[in-house]
């Protein structure tokens, strides 16, 4: 995994909002901004991009082309991840995907945000209720046991 | 006291550094920036200015003229302050002013930053040592007792 | 103008992203989040909403219903704004609206973000270039002089 | 309600951690810190205290005595809150209190953090599981309906 | 030394406060949270843990189990530290330990926070006064000279 | 390139403002501060320094000597930079240097902040106007084409 970073103090928030969208569309695994204090009393932003090594050059080029920066720095990071799987549950507000993550005795599940957001908009029900109903349906499936067993 | 505020997401840190200087030169009592999250994934900055009512209009004009903002908001705040006095102490690194603040049984003293900074630069001694020596000299003066007595 | 605020330490970023969208759709003039340090080592977020008095109750209800908060606080702020006008300019990348703001001898102009963003996507040209071309076209119109004159 | 605020740039985080504890013990309803950018490239902290009017003077005195500040500012805020009630549920990990909040058609419930924290420590079970079990037990009580009905 | 990091946008501040406690109890040398801007307008938090290589696996497991994250990243850092020693001084408020750090011509000393905090609570004296008295007592011991000499 | 970092929770903003100045004078390529949440409810600051390997030791010594930290950590980063060149343009407000950066098909230009700041102060014209005029003069030179050609 690579982490690419650059500090920006001469570019407005408007452009940075646009940049995040662009980086994510070009295979960045994650993009995040950190508010930082830079010299001459300048509120700045540190742009961080996490990516696969094969995407590093392309993403660095976007940073050099679309921002005001004169240089980017990068370093390698080792990444440990859980396995993931998607399970669809049926709710009063339509199908919602549940993101299941597991490995090393860990098991976690959470409803997919975009599905919940859409259902919340369509049915005029609060996001919280959609989440809760989706998780309740999911708990009926008893997936946890099966996943952990099949990983023994 | 007035607090004037405006949110900025379309102006760079470079310009904001310049703006702080400008506002302080035009009688702002204090100026500070807060990193904020604005719509469309934009890292923004909230500019806050504390001032006397008679300076409000002038400072609002600077904000409207020197920033990209289309509007500023303001509200009144009540301010409770300690009394202040400056006392000069002699140190191995020259005179250093001590800022003394008192009132309601409170007594506080701290060396003046700019004096210490200058001494640190001139003598190549760390800022910490200048502070410590200035406070040590100050403590010999036994000002605390006198100030609190004279305020009975 | 009213500013409504509430501190949140028991709700995730995912929900807060959704909330911002919702508040803006219900007439909030501006919504912004400030990272804050809360008790028990909790990273929290202060939610701030700027609105017209007639929208205050509706927006407070959304905050009470869609967040975990048990209470919201509000205060009045006075707002000073520039006058605004939209002027369309023709560029190689289609029409771009220019947001013009003026009043009290101030005159400012900036391209509309959404127009530029769309053009950037459509033509594969960097956002910066769209902005620059739009402003160049705008400067040929000599609007500044006319606006300031008509405001004499 | 009163909001008291002061900006600090000459006091360390260590002291600010202590201060938060102190203010909460003297009836502050809420205390939070905001990272801010102050003049001369200083990372500062804005201290905010929410309190009842009758506690304002005492809390301002603490701020003036225990911090380096030379002045504090305050303003009034109007507060709209939900009604609250505590309901105890029995779980495999002992009793957990559920904080219920309601009013104007809103109904919310969440386990009390300190109870869950204690149970998590005592039973070596993750905080998440304690929360989930407590809420599951709570949902069996069907409180929501009754509360909303009794508020008609 | 290892630095482990993960970005969180789907977990509340309440849980993060609990997590910090947990990580420190399992040998993390330091734990800190950074407010970050994540995609879809989400205020997020970057969790950072500094640890010895032998504790990395255990701490990563805690992160994967107790947070919502699906993956953690880590990188190696080289660490340069001063030597440390504890010296007890007697004050009007009981014994206070002084943390002494030295090496390469550097000598620093500061009172131990927990001792001062306890004394401040017990005697109802401000934290500042405890610190100052402890340092004054320490300065009488003339430790600095001896430490620097013995390191020649 | 080296990145040196240390977390500070027992030093005030005043000293950190001074430190930034000092590090930049001793060849740090960049210095920035990040607000972080540390244990025991302490608002802290992460100090980051980017430097050439040959300056690492000297800068680490400054950090150990001028801050309260007991240790600093560092890691290597790879840096990719654009080529830079300075071009002077003549404006109604005197000469302004334009910083030109290019490489790999990228070409960027921006006025030098310090020149614009000085002109803004001398002529009482807003920083924005100085920037705009400088860039307008620069665009007449048609440098872009030439630079890109000579890099073919």
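Per-chain numbering from 1; labels A, B, C, D, E and F assigned in written order.
In this text, a residue touches a chain if its C-beta (ideal position, glycine included) is under 8 Å from a C-beta of that chain, and two chains touch if they have at least 3 such contacts.
These numbers were taken from a predicted model, which means no experiment stands behind them.
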| note | Every chain in contact with both subunit C and subunit D is listed here as A, B, E, F
| remark: By Cα centroid distance, the chain farthest from subunit B is A
| message | From the centre of subunit D, which other chain's Cα mean sits the farthest off? | response | F
| Looking at where subunit D touches subunit E, is over half of the residue numbers used by both copies, so same, or under half, so different? | same
| query | What angle, rounded to the nearest 5°, describes the rotation that places the Cα atoms of subunit A on subunit C? | reply | 180
| Which of these, C-F, A-C or A-F, makes the same contacts as C-D in over half of the contact pairs? | A-F
| remark: dist(centroid_CA(subunit B), centroid_CA(subunit C)) in Å evaluates to 30
| query | Considering subunit E alone, which of its residues make contact with at least two other chains? | reply | 10, 14, 20, 33-35, 37-41, 43-44, 65, 68, 75, 113
| Pairwise touch network: line, ring, star, complete, or other | complete
| What part of subunit A is in contact with subunit C in the complex they form? | 14-15, 18, 35, 65-66, 113, 117, 120, 126-128
| subunit C touches which residues of subunit F in the complex? | 35, 37, 39-41, 43
| List of subunit F residues in touch with subunit D within their complex | 8-14, 16-17, 20-21, 33, 35, 38, 40-45, 68
| task | Please give the residue numbers of subunit D that touch subunit B in the complex, ascending. | result | 5, 7, 10, 34-40, 44, 46, 60-61, 64-65, 68, 70-75
| field | subunit A-touching residues of subunit F, taken from the complex the two chains share | value | 1, 3, 20, 24, 30-35, 45, 48, 50, 75-82, 84, 101, 103-106, 108, 110, 113
